[in-house]
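Two complexes are shown next, each including chain A; its partner changes from chain B in the first to chain C in the second.
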Partner chain A sequence: MRTALLIPLLVIVGIVVVYTLRHYLFTLNRLFGTHRQPYVDIGVADWPHVSVLVPAHNEEKVIAGMLDALLAADYPADRLVIVPINDRSTDGTRAILDAYAARHPARVKPYHRTDGRPGKAAALAEAFPTIAGEVHLIFDADYLPGQGLIKQLVAPFFDPEVGAVMGRVVPLNVSRSLLTRLLDLERSGGYQVDQQARMNLDLVPQYGGTVGGVRRSALEAVDGWREDTLAEDTDVTYRLILGGWQVVYQNRSECYEEVPETWPTRIRQIKRWARGHNQALAAYTGRILAKPAHLRPLVALDGLLLLGVFAMGPLLLIGWGLATTLYYLGYQISTGILPILAVATYSTLGNFAAFFEVATAARLDGSRNRIRLLPFLLFGFLVSLTSVSVATLSQLVGRFRGEDHTWQKTERYRNGPSIGGPA
Partner chain B sequence: MASPVTGRLTDRERLLRVLSQRGARGGRIEAHRAMLRLPNAGRRLSASLLLGVAGLAGFVALLPTLGAFWGTLFRRIHAALGLPGPVVERPTAFGPVEFTVPTVAFDAPVPMPRDLAIAAGVVAGLIVISLALRGRWLPAAYFLRAVAVVLTTAVGFFAFWPDQFPYRLSEYVVGHLQAGLVVMGLVPLVLGFTFYLFDLSVLRKILLTAMVLGHLAIFLPLQAMFHALVVSQLTLVAMPVLALLFGILLDVMVFVAFYGWAMSWPSALWEEVPRP
Partner chain C sequence: MNATAVTIFLAATILWFLLPLLPAIIELLRPTDLAPLTVVPRDAGDVAFLAKGFRGYLAGQLDRLPAETPADFLGRLPDGTLFGRVREATGVLAPGQATVQDRVMVLETGAPVPGDQTFVQEIHARAPFLGGPRTAYRAILADQGATLGEGSRVLRWIHAAGPLDIGAGSALAGRASSDRAVRLGPGVRFDRIGAPEIVTSGTAPAAPAPTAPRTPFVPPEDARRIGDHLRIEADLHLPAGTDVDGNLVVRGRLVVGRGSRIRGSIKTHGEILIEPEVEITGSLVSRAPISVGQGGFVAGPIIGEDEVRIAAGSVIGTGGAPTTIAARTLTLGPATTIFGQITTQAGGTTATT
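Right after this comes the complex of A and B.
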């Protein structure tokens, strides 16, 4: 009995150790490695035609600020078209977009959806064939891009092998609550260290669905956006990688976003991420294991580990269940498994950036006081672990029952369309 | 590079830093945070590991003293709490070093049906409170539910197999202290792999290590005695919750809290240098 429980527990501990080592090596690479930030400083060039897509579902609070920031971008005006995709909005979003289109008819060209499947993936899939431009950049409606960001994100596409580019997401509403501060720490670890290290090591930087973009021809070569996914970013990342394209992460290309300010919003967000990521896990694990000739073994391994991050939640819960059962069977706590699991679990949950990674990233960012919140990440991890596990379980049950997934919009907090809104 | 001992820049280094960052019309050119990194990887890694190993060696050498200190602490707390029986010393080993750790010499009562009913009531209370906690208290609600789940497993176990619980209180205390020693031994090594790499003085690195180990050296026996007191009063049904949620996990949290604080200490390498 003990052996039957101990073996799967050891397997889980082994997987946790692999992730822990991965986080550690990434952090060392970020601290000491040579950084790859291709073409980030190009200022003068024959810039390609770019369409900036902004999917927006009931975004009247934030969309005007986003459009103003894009209109102020340092990019040739005749080569930049802003395409807000009004995704079945029932608030004032449509009116705001039409007002901007009237004021800037050559630069703002809204695409209005009135029906069809809900969600960002479906909106992008529907609008994609109608939108020109060699490069499609995508931003969420609550983001605030700086003037130079468009050039920084477009520059890597001068390399013909690059299929997608991702910039860094930085929370702007950090000081609102403990949650926003914890999310800032997690985001910092995920981008400042994790993504940059994967970029440095030529592994699998992830296109994150916003503050980034795709090469139109690359996307067409891998069959475009899919509307049946909750994580179109992860989905596209893997199809591009499997299709032989490069994904580039630009750590200097920062853009500012609202993170969830309340726990229920955060729970909904991470559940959606988990379901979307699990979809990708089911869809692409086999194809990566089959390993196309162009995929280096380390890239394949990193791709698999990245696919599995949200599966770690339920796996860790199973590990805790096994460890608790072994405890009742007399497996002494001092013999090692429980302490190891406790330590490893503590350092790998949440957004799955380990504590060293998070603390290093926050230190690099100069967020010194915020690093002191490190132990509070445990509470965030507990919520994430439970939410991810519940989402995974409901997804499995739903799949068994043949249910379709649902998309839920993330709540916004900014007050009204006042940030540079139309007169 | 800053002095490895004090972590401060020399005057020459400070002047070079200012000159290397001077831009047009005297403005300062700051490195973007995306470009910051640490120099001298090989030297830092080897020095950090050496310091970590030295810290572990120092800890191991102090184990007999630590065991004796814990014994003294145990006897004083034991007497103050009026717990039954004597404090006994159990031989233990940490690598090549043999020493003793203290424990209690009395057994905690097995829960009776009435105790299990009270514990079940506590589970219900925890769930009700967790459901009432909203808004920013939601993480606390999740933690209370975790406590409720573990307590439920304890109630279930003692309801069906009351005579088969594999732990006696005296063994539990020894196990807790031994697991704590493992955590303490890992402290300098973990810091060697993580904290010592950064641009801080050796004195600060040693200070952090000493603070964490010093804190745990006092916290662990107090924690063990507190667990013993709670289990002796509330019966063995309380032991799983204490062991799984308020044992090693809490000790690790203490370590992380110190680590997070120390990681916020200023660095000579990345800090802004004032103008001369």
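Right after this comes the complex of A and C.
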């Protein structure tokens, strides 16, 4: 009995240690390594034709601000088409889009969906064949791209190996609540350290579904967007990597977003991410382990670890349960495993943005006092841990029952600083 | 243990727990750092951004100067900055022993600036600017053309509305730009340059002898077609006169033979060695050194994460479709032309001969 419990515990401890080392490697890389941003200085070029896709489901609060920002972009007007994808909206979104299209018929070309499977992935999959442009950039409707952002995000596509690019997401409504302030810290760790370190080390930066884009021919080569996924961003990242393309991250290509202001919204969001990521985990683990010839071993390893980040929550809970059970069974864990688990758990609790990463990101960002809130991240991580575990469990149960998880829209606010961003 | 003791013990425990959280609690209750992170401003791609900012600053200050301020004036701007305006007199700029000028200067005269001077504040030249040899400048904004003498140094930026000529052996730290053209003498060191046309001094090589007809590229057997590019997992040597139609991604080292033509872009993970007279219609990308041979032409961006060398007589970009060279270090041979922009991380230089 004890052995049957101890072996899985040891496996979990091993996995936790690997993730801990990964966090430290990334963070130390950002502190002492070379910062790679090879494409960001391309300011002058013969720019390709670009379509900017903005999936929008009931976005009347924010869509006009987004379109205004895109219309003001510093990009040749005859090579930039804005394609808001009205995804079955029932509010005033359609009217707003049509009004913009009437005012800018050559530049704003809405795509209206009235039926079909709900969700961003399905919307992109349906609209993709109808949209021209060598590069497709994608923004969520609540984002506020700066004037230079389009060029910055397009520049990496001069590299013929690049299939997708990801920029940095910066929370705008930081001041709204403790949650928004914690998410601000978490985002810093995730982008400034985690994503940039993977870019520096030539590993697997993740295309994040917004503030980024794909090369149309690359997407075609990997069979386009899939509508049956909850995380089309993770899904397309792995199909591109497996297909021989590179995904690159640009830390200086920053864009403001609204983060969830209430815990229920945040919990729904992270559950959706977890389910989508777990879908990708199930779909692509085997293909990465089979390791296509072009995939370097370190890239394959990083790809596997990235796939597993949302599986760490349930694994940690299982590890705690096993350790507790063994203790009450009288097994004295005195061989050094417990301290390792304790230290590793402390460092890995947040999986994607652990404490060391967040503190380093705050330093790299030149932040001042917001880092004082670091201890409170523990609460955010505990909520994430629980939410991810519940989502994973319900996903497993649902899979046995043959249920189909539906996409849920994240609530919008647009009540933070003015649309133009901070002064 | 009585109730009071228990209460005290509990309170002490809670305080002990909260103590490390004290900074967090204070920041939560009395926020001091609530603003969103500042994103990179719109100047990211504009080489002349600092010059435009200085122009705006100076115009605001000069507007507030008393109307009766004399044409030649040494004093202070309204914000207290030491200031000098030279319109008629040449005393301020008279040649002599080396001096240090610590004023923001507005030069409305075309009189040459003597050599061996040091200007620790910005200069706004409203007439054609002619700098003497071995003079150091913090920054120069020239409304017309500007010429810097040999061995000059610019510490932050220089922008000229007209042609900008940089003398031999000069050093341009920061940004250098012109609305017309930048001409670089031999041995000039630079960081970042932007202009419709950037040329280096020297003589272009003689026109090449006519080459034999090009032969179509035959991909190696293990090459894979991925989307719109051909991927080769090893080194690749294209023979002279090869004609490639499409993009190439090479995992190893790439040698492009003399007189070849690539109608597409190239990305390698190893070194790129391009022999003379090669034409590339797309971009050139590598994490390893890139060398463009004599008389070469690259239409698209050159993105090098290591050293990039452009040999004599090469042309990068076109007048109608300017482009960018982004490299860790860059060496430009004689008589090279770049239409667009140069950005280096660790500096560039022109050949000394």
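Following the convention adopted for this analysis, the second predicted complex is superposed on the first by the 402 of 423 C-alpha atoms of A that agree within 3 Å, B and C clash if a C-alpha of one lies under 4 Å from a C-alpha of the other, contacts with A are read in each partner's own complex, and residues count from 1 in each chain.
What we mean here is this: a residue touches a chain if its C-beta (ideal position, glycine included) is under 8 Å from a C-beta of that chain, and two chains touch if they have at least 3 such contacts.
None of the values given here were measured: they were computed from a predicted structure.
*Asks:* By the touch definition at the top of the document, which applies to A:A293: first (chain B), second (chain C), both, or neither?
*Replies:* second
*Asks:* Report for A:V383: first if it touches chain B alone, second if chain C alone, otherwise both or neither.
*Replies:* first
*Asks:* Let me test your reading of the model: by the given contact rule, A:Y24 touches which partner, first (chain B), second (chain C), both or neither?
*Replies:* Only chain B is touched by A:Y24; chain C is not.
*Asks:* Is A:G224 contacted by the first partner chain B, the second partner chain C, both or neither?
*Replies:* A:G224 sits against neither chain B nor chain C.
*Asks:* When the two structures are overlaid on chain A, which partner does A:L329 contact: first (chain B), second (chain C), both, or neither?
*Replies:* first
*Asks:* Let me test your reading of the model: by the given contact rule, A:T262 touches which partner, first (chain B), second (chain C), both or neither?
*Replies:* first
*Asks:* If you stack the two complexes on chain A, which partner ends up touching A:L374: first (chain B), second (chain C), both, or neither?
*Replies:* Both: A:L374 reaches chain B and chain C.
*Asks:* After lining up the shared chain so the two structures overlap, which partner does A:D365 touch, if you call chain B first and chain C second: first, second, both or neither?
*Replies:* The answer is both, since A:D365 touches chain B and chain C.
*Asks:* So, does A:G398 touch the first partner chain B, the second partner chain C, both, or neither?
*Replies:* Touch status of A:G398: no partner.
*Asks:* Which chain A residues are contacted by chain C in one complex and by chain B in the other?
*Replies:* 178, 252, 254, 365, 368-369, 372-375
*Asks:* Help me check something: in the complex, which residues belonging to chain A touch chain B?
*Replies:* 24, 28, 30-33, 35, 37, 168, 177-179, 192, 196, 251-252, 254, 262-264, 324, 327-330, 332-334, 336, 338-339, 342-343, 346, 355-356, 359-360, 362-366, 368-369, 371-375, 378-380, 382-383, 386
*Asks:* Touching chain C in the complex: which residues of chain A?
*Replies:* 36, 38-46, 74, 146-148, 151-152, 155, 158-161, 163, 170-175, 178, 181, 184, 188, 202, 215, 217-218, 220-221, 243-245, 252-256, 293-294, 365, 367-370, 372-376, 416-417, 421-422
*Asks:* What part of chain B is in contact with chain A in the complex they form?
*Replies:* 32-38, 41, 44-45, 135-136, 138-140, 142-143, 146, 150, 153, 157, 165-167, 174-176, 178-179, 182-183, 186, 193-194, 197-198, 240, 243-244, 247-249, 252-253, 256-257, 259-261, 263-267, 270
*Asks:* Per the contact definition, I'd like the list of chain C residues that touch chain A in the complex.
*Replies:* 20-21, 23-24, 26-28, 31-47, 194, 224, 226-229, 231, 233, 247-249, 251, 264-267, 282-283, 285, 287, 299-301, 303, 305, 321-324, 326, 340-341, 343
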